[in-house]
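Shared between the two complexes below is chain A, which pairs with chain B and chain C, respectively.
Coming up: the complex of A and B.
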C-alpha cells in the first residue's frame, strides 16, 4: 500500500518553517519512506477500539483558582530576544 | 580491588561520605578531574559549572559536620540531561534554538534532588530536543561511546549514559520517549530505568511528546536506581498527568522481594534483525532466571510489529504541537533579518532547528493535517490501545517481560545518519513500553566479542517498579557485567 502524496510546501507553511529546495526534496523522499512504512497500520482492525491519548489513569485534573507567587517580570523576560519597558519587542503586527 | 572514586556506586559513595572517609568536596573534585581528563574524547557534557558544583559540595559537607545531613544522596553529584531545568544554568536541548537559554526555575526532579542534598553537576548532551537514537543529532557535536569512541553512545540520552560509563558522574538523569534512557544504557553498559508514565513529574522537562516522555535515572547498579527513584518519584500538582500513588521505599523493597517470578518471553521480540550475540546474551539471562526457579513462559504481544509506526505518528504529532512554542518571540533563537511577524516565525524556526527536528515537525504536521488526522493520528491512537492491551493481557499470566533492549550493540557513528527509517528501527524493542506507559529497565547482560556492552530489558506492570527492580537486582547479584569499565585512555579520540 503506498502512502498519500506529500505536499511539502503546504506542510512547511503549516509548520511555519522555511525549507530550502534541498531540504524539501530530501524530506519529501524520506517522509515518503516513513509513510510507506506506517501505511501497514491500515491493516489493523480497530473497529470499536477507543483511542489512547496517554497511559496515565488520570483525567480532568483541576487546580484551585488561587493566586500563587510566580516568576518576576525580570525573570520572565530574561530569555526574551528583544525587550523594552518590561515588554517583548516584535516586528510591527498592525499598520 | 578498590575502585577509584569516579567509578564507585552511589551506595558506596554514600556510605563513605557518612563514615567521613571522604568529603563531598573531595568527591566532587574527583568527578571534575575525571571529566576534564576524558570529556575531550567522550564529549558527554554540553556545559558544567565547576564553581557552582563545589559550592554545593561545600554546603553538603557543612551540613554533615553539623549533623544536619539530608540523607543518602547528600553530597552526591548527579548529571542532568540538558532538557531538565536547573535554575540559573543553561538549558539547550542541544539545539541552536535554545543555545543561550537560561532556566528561570527548577524542574520538580531538580528541586527534589536539591532537597535531599544532591549536587547538580553539569548538563549532558542529547539528540536535539531528544529526537534520535545516537546523539549524533546534537547541534553541539556528537557524543562518543566510551567503549569505542568511533561508535555512538545511543540516544537520545547519549550524554547521560556516556558520562556515567566514563566515570564523569556517579549517576545521571535522562528522559525516555521511545527508548531514550534504555537504549543508551544498553549501548554504554549501565543501568537505565524508564519509570511508569506518571510516576515522575515532567514539570521543568522540555517537552518532546508529552504522552510518552518520562524522566528516569542512569546508574551503575540496580540498587542505585532504586535510591534515585526514591528521591524523584511521586505526585506533583504541577504535572496534570502525574499519578497519585503510594511510593514505597524502593531500596528497602529490593531486599524483601526474592521471587521466584513468572517471566514472559514475547516471541515477536526475537525475530529478524536481532544480532546473534545479543540473542545469546539474552538467552543466557533467561537461563539464569530459570535456574533460580523462575517460570519462563513464551508469550505473544501480537501488535508489536505496529509499535514503531504508531510511535512515529504519535510522537511526531505531539512534537509538532509542542515545538510550535519556539517562534522567536518570547525566548529562543530569533532571526536577525525578519521583515514582519510571520517572516520572524518562518526564519527563526528555519535557522534554530536542525534537520531531524524539522523532519519530525513536518511529519507530525502531516499526520495532524486536515483530511489525514483520522487516517493517521486517530488510527495510531487506537492501535496504541491494542498495544497496551497486549501487555496488560500478558500480565495476567506473568510478572514481567524479558526482551533485548536494542537489536544490536553500539553501531558506528554515521552508519544510520542518512537513513531516518533505519535509525527509527533501533527503537523497535523499547517503543512499546512508552506507548503502553509501562516501566522498563535495561541492565548489562554481556559483551560482544569486540567488547561492546549488551543490554537486557525487563518490562514491568504499571507502577510495579519495586518488583521490576527486584527482578533485575536478583540477576545483578550474580553477574559482574556492570563492574567492567571502558579503557578510554588507550583509545585515540574520534573526530
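Coming up: the complex of A and C.
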C-alpha cells in the first residue's frame, strides 16, 4: 500500500482527530512513507525464519498474584477534568 | 416455523478469581467504593508498563485442560484499539490471533422428560478461549456518564463456542454446565449478578438443509442465565416472524432488556468497529511447556458430569439426588465422605438432599460452615440403622447437632433419646394399634405387606418416639402372625 491508498479521512476518524486539508496531505504522505518502508521489508526473503512478536527471545515475564495497595480515590481522580460521587464524569455514552 | 433451524454461538466472558489484576498488582473485587481499586497501570498514566498475572495464566490453562482444549505452546498479547471511556488506555490488551486455548468442548445436559429423568447429554464444541483484561463500569446519569475503574484490568477469559447450539434451552444448559466446571476448578464463581460471567449470543436462522449460515444477529446484555434463555427465544421468534412476513434479517447488534423482554438495535454492520489489532510491544509472549500443563492437570478436579455418573453407578443413588448434589462441589464431596463413613449411600443422600439442605437454607450458612460434619451425619445414620434411636428421635438429634455441633451419641445420651421402651409396653402398644385399625389388619392378612406400616405410627406415638423401630416391626409381625 502506498500513500495514495491511505484513507486519511478514515484514519483521522478512528484516531478521533480533526485534520486540516494541509495536515491530511502531510500525514498521508508520511504514513505512505512508512508503508513504502514496510513494502521494502516485505521484499526480504524470510523463508525458514519463525515469525515473532518480539525481537528478544524472552518469555513468561510475570509476577505472582499478590495484591498490593493502589491509589486513594483522591489520587485516582486528581487528573479528572470533572468528577462526581467519586467517579469521573464523561459525556453521556451508551453502547 | 418447522422448516427453519436455529444456529446459536455464544461468547462468554468469565472473570478469573484472582487477588490482583491481569497486568498490575492492585486488588480486584466487587462492591468496593468507586475508584478505590485503581493504580497508575489501571488508569493508564504515562510511563506505566503491564506485568502479567501468573495465577491468571494458570487459571486459563486449567480451564483449557478441564474443557479438553488444545493448549497453545506459544501465545502473545495484542492491543485492541478503540475509544471508549471504560478503557482509559484507549486499547484493551487481549489475544487476537494466538489465543492460549483452541477447540475443546463443554458437556451439557438438556432438560429430561421429567424432573427425575436424566436429559440428553451433548458436547458443545468450543472455538477458543483467550485471556484479556476487563473494562471499567459506566453508570449512566441523565445528562452524562460516570466511570468507576474498579473493574478495569480484572483478569477476564473470553470463551467462544462454535455456532453449534440449536435452541435457547441448549444455550441455557451450556452456561449452567460451564459455570459448574468453572466453580469446580476454582477458576471463577461465575456469579452473573456480580458480572463474573457475562454472555453475548450470536443467533441466526436458516432453511433446514441449507449449509450456509443465515445472517447473524448479536444479542448483548444477557445479564442472567434466565435472560440468556429468554433473550434467545425472543430473538428466534423475531427473526422467524420477520422472515415469514417477507422481511430480511440485517446483521446487527441488539440490546436485550430482560425487564421488558424486548430488544432494540444498537448498531448495524456498517458501523462495525475497526479495532486495528497489533502485537502489544510492552508484553513478552508466553510459552507453555509440558511441565506447566502437568502441574495444572494434577490440580484438575473430577468433572461434574463424570462425578454424577460415578455416584449413580458406585453408590447406586437416584438421578434426582445426584442432580441436587452435583452442582455444588462441596455438597457432593460432603455426600461422598458421609457415604464412605457410614456405608449407607441412600440414607446419606436423602439426609443431605432433604434435611441438611433445609437446615443450611434456614441458617444461610454454607455447607462448609455447617456444624454438622460428615462424621456427625454418618454416626447419626448408623444409630438409626442399629435401631438405637427412632427416625423421629433422629430428627431431634439432627436439629440439635446443627446448633451445637455435638456428636449424635452425646446428644442421644444427654437427652435420653435411646429407643428404650420396655418390651412389655411395646407389646401392649402393638396390640392396641392392631386392634384399633381393622382395615389395615384385613389388608395385611390379604397379603399387602406394606399395610403393617399403618400400625407403626400409633406405636411410635405411644412410645413418644423412643421405641426401637426394628423391634416394633418384629413385635408387630410376631403378633400379626398369631
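Everything that follows uses one rule, which is that the second predicted complex is superposed on the first by the 81 of 95 C-alpha atoms of A that agree within 3 Å, B and C clash if a C-alpha of one lies under 4 Å from a C-alpha of the other, contacts with A are read in each partner's own complex, and residues count from 1 in each chain.
Basically, contacts are C-beta pairs under 8 Å (C-beta built on N, C-alpha and C of every residue); 3 or more make two chains touch, one makes a residue touch a chain.
For clarity, every value in this text was computed on a predicted model and none was experimentally measured.
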Report task. Classify the contacts of A:8 with the two partner chains as first (chain B alone), second (chain C alone), both, or neither. Result -> first
Query raised in the report: Where does A:73 make contact in the superposed view: on chain B (first), on chain C (second), on both, or on neither?
Result: second
Report task. Considering only the touch criterion stated at the top, classify A:63 as touching first (chain B), second (chain C), both, or neither. Result -> both
Query raised in the report: After lining up the shared chain so the two structures overlap, which partner does A:86 touch, if you call chain B first and chain C second: first, second, both or neither?
Result: second
**Report entry** Most chain A residues touched (candidates chain B, chain C)
**Finding:** B
Requested in this report: Pick one for A:44: touches chain B only (first), chain C only (second), both, or neither.
Outcome: first
Report task. Give one of first, second, both or neither to describe whether A:53 is in contact with chain B, with chain C, with both, or with none. Result -> both
Report task. With the two complexes superposed on chain A, say which partner A:29 touches: chain B (first), chain C (second), both, or neither. Result -> neither
Report summary line: On chain A, the footprints of chain B and chain C overlap at residues 10, 14, 16, 52-54, 56, 58, 61, 63, 71, 76, 79, 88, 90-93
Query raised in the report: Quick one: in the complex, what on chain A touches chain C?
Result: 10, 14, 16, 52-54, 56, 58-73, 76-77, 79, 84-95
Report summary line: So, in the complex, the side of chain A touching chain B is made of residues 4, 6, 8, 10-12, 14-19, 23, 27, 30-31, 33-35, 37-38, 40-42, 44, 46, 49-58, 61, 63, 71, 75-76, 78-82, 88, 90-93
Query raised in the report: For the complex, which residues does chain B have touching chain A?
Result: 100-102, 104-105, 197-198, 210-211, 237, 240-243, 303, 305-306, 308-310, 312-313, 320, 324, 327-334, 338-347, 349-350, 353, 355, 358-359, 361-363, 365-366, 369, 372, 375-376, 378-386, 388, 420-421, 424, 435-438, 462
Query raised in the report: Can you list the residues on chain C that touch chain A in the complex?
Result: 18-20, 25-28, 33-40, 42-43, 45, 51-57, 76, 81, 83-85, 138-141, 143-149, 266, 274, 276, 279, 281, 283-287
